[in-house]
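Chain IDs A, B, C, D, E and F follow the sequence of writing; residue 1 opens each chain.
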Amino acid sequence: MAAFRFGLALAGLTLCSPALAQGGIDKADTAWIAVSTILVLLMTPALALFYAGMVRRQNVLSTMLHSFMLMGIGSIVWLGLGFTLAFGKSNGWLGGFEHVLGQNLSGSAPYGSQTIPSLLFFLFQMMFAVITPALISGAVAERMKFGAYVVFVTLWLLLVYSPVAGWVWNSDGWLFKLGTLDFAGGTVVHLASGVAALAASVALGRRRALSHGEPILPNNLTMTLLGAGLLWIGWIGFNAGSALAIDGISMVAFTATQIGAAPGMLGWLVCEKVRTGKPTALGAASGLVAGLVGVTPAAGFVTASGGLAIGFLAGVACCIAVTWKNRLGYDDALDVVGVHGVGGALGAVLTGVFASPLANPAVNDALAKGRASLILTQAIGVVTVGVYSFLLTLGILKVVGALAGGLRAEAEAEDTGLDLALHGESGYNL
Amino acid sequence: MVKIEAMIRPQRLEEVEAALRELSVGGMTVTEVRGMGQQRGVTHTYRGSTYTVNLVPKLKLEIVVPEERAEEVVDAIVQAARTGEVGDGKVFVIPVDAAVRIRTGERGPAAL
Amino acid sequence: MAAFRFGLALAGLTLCSPALAQGGIDKADTAWIAVSTILVLLMTPALALFYAGMVRRQNVLSTMLHSFMLMGIGSIVWLGLGFTLAFGKSNGWLGGFEHVLGQNLSGSAPYGSQTIPSLLFFLFQMMFAVITPALISGAVAERMKFGAYVVFVTLWLLLVYSPVAGWVWNSDGWLFKLGTLDFAGGTVVHLASGVAALAASVALGRRRALSHGEPILPNNLTMTLLGAGLLWIGWIGFNAGSALAIDGISMVAFTATQIGAAPGMLGWLVCEKVRTGKPTALGAASGLVAGLVGVTPAAGFVTASGGLAIGFLAGVACCIAVTWKNRLGYDDALDVVGVHGVGGALGAVLTGVFASPLANPAVNDALAKGRASLILTQAIGVVTVGVYSFLLTLGILKVVGALAGGLRAEAEAEDTGLDLALHGESGYNL
Amino acid sequence: MAAFRFGLALAGLTLCSPALAQGGIDKADTAWIAVSTILVLLMTPALALFYAGMVRRQNVLSTMLHSFMLMGIGSIVWLGLGFTLAFGKSNGWLGGFEHVLGQNLSGSAPYGSQTIPSLLFFLFQMMFAVITPALISGAVAERMKFGAYVVFVTLWLLLVYSPVAGWVWNSDGWLFKLGTLDFAGGTVVHLASGVAALAASVALGRRRALSHGEPILPNNLTMTLLGAGLLWIGWIGFNAGSALAIDGISMVAFTATQIGAAPGMLGWLVCEKVRTGKPTALGAASGLVAGLVGVTPAAGFVTASGGLAIGFLAGVACCIAVTWKNRLGYDDALDVVGVHGVGGALGAVLTGVFASPLANPAVNDALAKGRASLILTQAIGVVTVGVYSFLLTLGILKVVGALAGGLRAEAEAEDTGLDLALHGESGYNL
Amino acid sequence: MVKIEAMIRPQRLEEVEAALRELSVGGMTVTEVRGMGQQRGVTHTYRGSTYTVNLVPKLKLEIVVPEERAEEVVDAIVQAARTGEVGDGKVFVIPVDAAVRIRTGERGPAAL
Amino acid sequence: MVKIEAMIRPQRLEEVEAALRELSVGGMTVTEVRGMGQQRGVTHTYRGSTYTVNLVPKLKLEIVVPEERAEEVVDAIVQAARTGEVGDGKVFVIPVDAAVRIRTGERGPAAL
C-alpha cells in the first residue's frame, strides 16, 4: 500500500475525480481513508478479544492488555519516531528525521503525490504500526512479564516494523524498488510479526501448565468469535483503504478481501472435518483470519477468483500449520506462527502467482520480466524480511531479558494467573 | 437425621425435583460439580488437536431428612435419576448429628 | 432499494452532485456505499451475538456458527450464482447468467444508471444475501444437524432469497413492476426469512428440553444486548445505504431508521410493563430490533413521524406476537417468526399507509392510483413472497432431511448440547 | 462543535472543495458526517459495556439498560423538543420552537452556513444528546429505581443538556458569544454530566453493600475493556466529526483525539504503578477514556503535542481524582465525577492553555485578548455550566423523588440485585 | 471432630466471617450453591412469558472444628446469618473421623 | 464406607488424579470452592484502591471408598497435593452409611 500506490496510481483504475481540489486533496478520498483508518484502529481491540478468548480465564486481562498497550505505546512511538523512520526521505533502508514528533505533517496538504492530507496518511499508517506488534503478543501469552513486554514491543516497533515498512512501502525502499508487491502488509505486517512470534516462543520457553499436563482450555470462545468478526470488518479498511483512495483499486481490494476471508473459513472447516470429523467454531474464526492474512498482500492485485483461491489455500495451510508446534516443541500459545507467519509467507508468494492485470493494470509492469521473476521477487521479500525479523527479535529479547531480569513472570505468578499476580485483577467475578 | 448426597446427570434435575415434591421433602441444596467415574470423558477439539476431558458435568444434591425417611427418599431419587446409561451417578447416605434452622433456631428434625 | 432506486432516482431528492464523474461514478456516493456495505457486514456477527446470548450455554457456539457460516457460504454462493439470479437481466422471475462468478462487474463502471461501481453494488447486495438466511437460524437453534444446516441455507439462498430479491428489486422484477415499495428489505429480507423460520420450526419439531419442562434460560443477555446495539449501528447502513447514494433520500432513510428503532424499544417495554409489570433488558433489545424491522421497507419513503409510528406499532405488535408460539405449539426458538415475520409483514403494509411525498417525491407515483391501491399492492407482495418462501422452505427441508438422514441432531447430542456433541468445544471455561 | 464551526469556518484550514454543490451541500462532507454520526451512536452501546462490566453480576443488565434507554428516549425527546431548544433561533439562553418534532429540517438543505443537510446536523447532534445523560448513569448504578431513572434522564435532557448545548454551540448562545472554546463537548457533555453525577450520588446516597463491607468486584472486566475500545473508535467520530466537514480541522481533531487517548492510558498506568505497584487493565481502560475526555474540548484547536500533553495530564489527574470519593463519602459508583467531571473541567481549561493557531487559524481570534483572557473565558464556562448542572440536577431529582416515591429501589431489591428484582432477568446463566 | 455445614444467604457472608474470626476459627470452605425450601423462588421473565425458578442462590460454608467447639460455632453462625425472613438457611453438624493437613501431614484437631 | 473430602490447590488436580488412578480408585466428584485459612488472601486493585479478598480458589474432591482403603487413598492425596507452602489444604474423612449406584441399584461398596 502506501508509497506503492504512488508508483502505480497513474496506471491504476482510478475513478475519474473532478473533485480533485487545489493542493491535490480529494475530499471523497479523504473521507474514505479517514473511515479506513478508524476501521484499522478497530482491529486492535478486535485482536484483544480474539486472543483473550483463547487463553485460560486467569490470563484473560493480561492478554487483552497486551493488545491495548499498543494503542497507547504504538500511537506515541509512531508519532515520535516510527513514522519518520519508515516514511521519511529514505536511503533505501531507513527514513530521515523530518517527521519526528509529527513535524511537517499537514491537515490540508498531501504526502507526495497522494490525494489525502499527509496527516491522514500518517494516521492510517499509525494503525498498522499499532496492530503489528500486538499480533506477536499471542505467542507470549500467559507467561511474559508485563514490563518486559512493554519494552520489547517499543523496541520492536522501532527496530523491526518501521524499517521493514520503509523497505516495502517507502518509494525509496529497497524492496519497493526491487518490485516486491505487498498491497496491504502480507510481508510487512503478517510475516514480520509471525516470524517474530516464532523467535519469541523460542526465547520464552514453554508454559508450565504444558509440562504439568494441565488442560489449557479457551476461557470464552464467544469472545474469540466476536473478535474474528470485528477483525473481518476492520480488515476491509486495512485492505481496501490501502488503495489510499476510493477508486477502482479499492473496489478490487474490497472484493478480494471479502472473497478471501470466506473460503479461508470454509477451508479450515473442511480441513478439520477431514482430520477430526468435527468442524469447530474456533476453526471458523481461525480460518477466516487465515484467509484474510493470505489475501492481504494480494488484495489490490487479484480478481475475485484469485482471492478465492488464495483464501482457500491459506485456510487449509494454516489449519495444518498450527499443529506443527506440537511436534517441534515451541510454545506459540495462540498460533501466531501458524496463522500469521505461514499465512503471510504463503500470501506473499501467491500474490506473485495470482496477480492479474485484469484486476490492476499496474500488474503489467510487475510482470514485465515474467511471472517466474515476480514470484522470485516475492520470495526474496519473504526471506529477507523473515530473517531480519527473526534475528532482530531474538536480539531485542536478549537485551530486554537482561534489563528486566528475565522475560518470564515468576513461576508462582504463572500458576496463579497473570491477571491477579501482575495486575491485581481478575477478568470475571460471575 | 441423615444427609442424602446424590450425584446426578444435570438433565434429570426436574424429574428428581418432582419426585421429591411428591414425597413432600422440604428442602434441598444443589451444587454444580464435575465427576469422574466409569463414564467416558468428553473429547474436546482445539485447533486441530483433540483431547479428552475426564471430568463431566454433574449436579450434586444434598437433602437432609430424618433417618426414617432416608430409604424412601433414596429410592425416589434413584428411580427419577436413572437413565440406565453409564454415568447416572451415585447416592450416598451420611449421618448428621444436628440441624438448626437459622431463622428460628429450631433444632433437630423440626429444622428441616 | 437497489434497482428500485433507479426508477425513482430522477424524482428523488438527490443532492446536486457536481462530483459526478466520467463513467457516471460519484466518489462521495461510492465512499458512502462502501461504508454502508461494511455496516451491513457487521450485522451478521451482531446477529450471532444477539441470538447466541439467548440460547443455553451448551449451544452458544453452534448458534454463533450458524450466523458465521453465512459469511463464508453466503459470500461465495452470491459470487457464484446468487447475484446473477437476482440482478442479471431478468424475465420478471429470474435473472440471467451474465454475472456468474462475478463476471462483468467492474470497479470503475456502474451497474445500470447508478453512480457507484457495479462491483460495489454487488458487494452491498452480498451483505443482504449473507444475513437473510442467517436470520432463519434463530428458529432452528439448539437442535439442527450442522451438515443439514449448511446445505439448507445454501439452497435457500439460491432458491428463495435470490429470486425474491429479483422480483422486488430488479427493475424487471414482477413485483417491482407492480409497484411494490420495499426500500431496504421488509419483504425480501424479513418477511421471507420470518416465514421460512415458521416452516423450519414446524419441520424440525420442538426441542427435547421443552417436553422435559427444563427451564431454558438465556446464557448471556449482555451478549444479546451488545448484538442488538451493533445491529442498530449496522442497520443504518442497511437502510440509509439502500439509497445507493449519499443524497436526500439517504438522509430521510437514516432519520426514519433512528426514529423507528427508538419507539420500537419503548413500545416493547410498555407492552411488557402492562403484561408482566416488569420491563426487561431483553425486551429493550427485542423491541429495538422489531422497530428496525418494521421501518426497513419504509425507511426512504416516510417522514420522521411516519418512522415513529411504524416503529412503535412494530414494537408492540412483535411483543404480543412472540407469545403466539406457546399457544400454537411450534418451537421457534428465538422468535424469528414473531419479530421478523410479523414485523416484516406489518412494516410492508404500513409502508403503504405512511409513505409520504414529503419524504420522497417518488411516492407521488406510487400513490397515483390512491393509497388504498398502494396498500393492496403492498399486501400482494407480502402474501406472494410469504407463500413462496413457506412452500419452498418446506420443500428444501424435505429434500435436505432425506439427504442428511434427518434434520435433527441425535437426542443425546441435543441433551449434551450441540457445542460439545457436534463441534467438540464448549463456549465457556470460566 | 456545531455552531461554533460556522463562526470559524472561514478562517479554518478547510480543504478546498470544488464538490460544493448547489444549495451549499458538499457530498463528501455529508458522507463523512453521516459516518461520524454512526460512530457517535456506537458510543452508547460501548458505554453500556464499559459501565456494565464494572458492576456486580446481579446488576449487569440494569446497568446496560440505563445506557440503552437513552437510545430510545433520547432520540425521541431530541426529535420532539431537545434539538429546537438547543439549536432553534436562540435568545442566548434557549432556542425557539421552529424545529419541534423535526419540522423545518431537510435532507437536502443545510442548517445555517454548513455544508451538510440540516437533517444530518440534527442526527449528529442527537447522538450527543443520547450519550450525555447516559454518562450520568454510572453514578446511580446498582440502586436507582427504573421508573425514576427514566423520568430523571428525560427531564435532564430537556432542562440541562439542551440549554447548555445551546449556550455553547448555538451561534447565538451566550457562552458562544463570550468566546468559550468547546470543540466537541468538554463542557457541554463531560463537565455537565460529571457534575450531575456528583449531585445524583449525593441525592441517592451510598449503596447498602458499601456499609456491609461487601467487596464490590467488577463482574466482567473484559466487557469494560471492549467498551473502552469501542468508545475510542466512536470518539473519533465525536471529535473529528465535530468539524462538521472532512477538512483540515477534522484531520487536526482526529490526530489530537488519537494522540490524546494514548497518553491518557499510559498516564493512568504510570499513576497506578507509582501508587500500588500494579498497572491494571481497568486502569488502561479508564485512562484512555480520561485522555479522550480531556482532549474533547481541545481536539480541533491543538497540535499533536498539545493533545499529547492534555491526554497525559487528564490520565494522571483522573487516576488521582477517582479516589476522592472514598475520603469524601459520596458513592459515585463508576467514577463519573472523577473521570468526566474532573477530566471535562481540566480539558476545558487546558484548551485555553494549549489552543494554537498552528492547529487552527481560528485560535488567533480566540487569543485576541491574550491567553490569560482565553483561559479565564474557559473557566467561566466551566463554572457556570458546572453550577447550573449541579443545581438543576438536584432540583430535578427532588421532584422525581417526590413523584416516584423515592429514588432508590427497595432495600431487598438492592440486595437481590436490580436485574432480577426490577427486570425479572439475570445477566448470566453460565 | 465435626463438620459444620451452613447454607446461608450470600449477603450474610461478611457477617458470618467476622463472627468466626472473633471465635478464632481457623478455616472455612465456601461453595456457591442453589437451594430449595420454603422460600419462594424468583420469577424470571423471558420475552413476555414469566416462570418461576425454584432454586435460589445460597452459599454453603463448611467448617471442621473439634467437637467441643461445635456448639459455640453453630450459635455464632446462626446469629450472624439470621435476618428473620424465610430463606435464612440451615446449619447441619456432621461427624468427621479424621483430618489431615496436607502441607505438614499433621492429623486430628492439630490439622485444623 | 467413608467419604474422603480433600480441599486442594487447583493446580494439583492432575497430580492427584494420576495418583488415584494408580490406586484404581473408581470415581471422584470435584467442586470449585473458595477457602479461607492461614494462607494470605489475594490483593485486588480497583481503580487505585486495593483490598484483600480472603477467600482463595480451591478445589474440593469427594471420593467415597470402602473404609479399609481410606488410609492409602488419604496418603496418596496428601502426597500428590503437597507443595509445602501454606494453603495446600486439608483432607477430612467422613463416615458414610450407605451408597447406591443409580444406574443399577447396586448398594454398598459394590456401588462405588
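Rule of thumb we're sticking to: a contact is a pair of C-beta atoms (placed from the backbone, for glycine too) under 8 Å apart; a residue touches a chain by one contact, two chains touch by 3 or more.
These figures come from a predicted structure and were not determined experimentally.
> Please find the path from chain D to chain E through touching chains that uses the fewest steps, and give that number.
Each step joins two touching chains, and the minimum needed here is 1.
> Report same or different for the chain B and chain E interface, where same means the shared residue numbers exceed half of all residue numbers found there.
Since fewer than half of the residue numbers are used by both chains, the interface counts as different.
> Same interface as A-B shows up in which of D-F, B-C or D-E, over half of contact pairs matched?
Over half of the A-B contact pairs recur in D-F.
> Does A-D or D-F have more contacting C-beta pairs?
Pair with the higher count of C-beta contacts: A-D.
> Quick one: report the Å distance separating chain A from chain F, using the average Cα coordinate of each chain.
Centres of chain A and chain F (C-alpha means) sit 46 Å apart.
> Approximately how many whole Å separate the CA-defined centres of chain A and chain C?
33
> Using Cα averages as centroids, what's the distance between chain C and chain F in whole Å?
52
> Spell out, as numbers or ranges, the residues of chain F touching 2 or more other chains.
Residues 31, 44-46, 50, 94-95 of chain F touch two or more partner chains.
> Please set out, as single numbers or ranges, the residues of chain A touching at least two other chains.
18-19, 27-28, 31, 35, 217-218, 220, 276, 278, 280, 282, 423-426, 428, 430
> If every chain is a node and each touching pair gets an edge, what shape is that graph: line, ring, star, complete or other?
Shape of the chain contacts: other, as it matches none of the listed patterns.
> Hey, which chains are touching each other here?
A-B, A-C, A-D, A-F, B-C, B-E, B-F, C-D, C-E, D-E, D-F, E-F
> In their shared complex, at which residues does chain E touch chain F?
1, 3, 17, 26-31, 64, 94-103, 105, 111-112
> How about chain A: which of its residues touch chain F in the complex?
Result: residues 212-214, 415-416, 420, 423-426 of chain A touch chain F.
> Spell out the part of chain E that touches chain C in their complex, as residue ranges.
Going by the criterion above, the answer is residues 44-51, 53.
> Provide the residue numbers of chain E that touch chain B in the complex, in ascending order.
By the definition above, chain E touches chain B via 2, 6-8, 31-38, 54-55, 58, 60, 70, 74, 77-78, 81-95.
> Spell out the part of chain F that touches chain A in their complex, as residue ranges.
Counting only chain F, the residues touching chain A are 11, 13-15, 42-46, 50.
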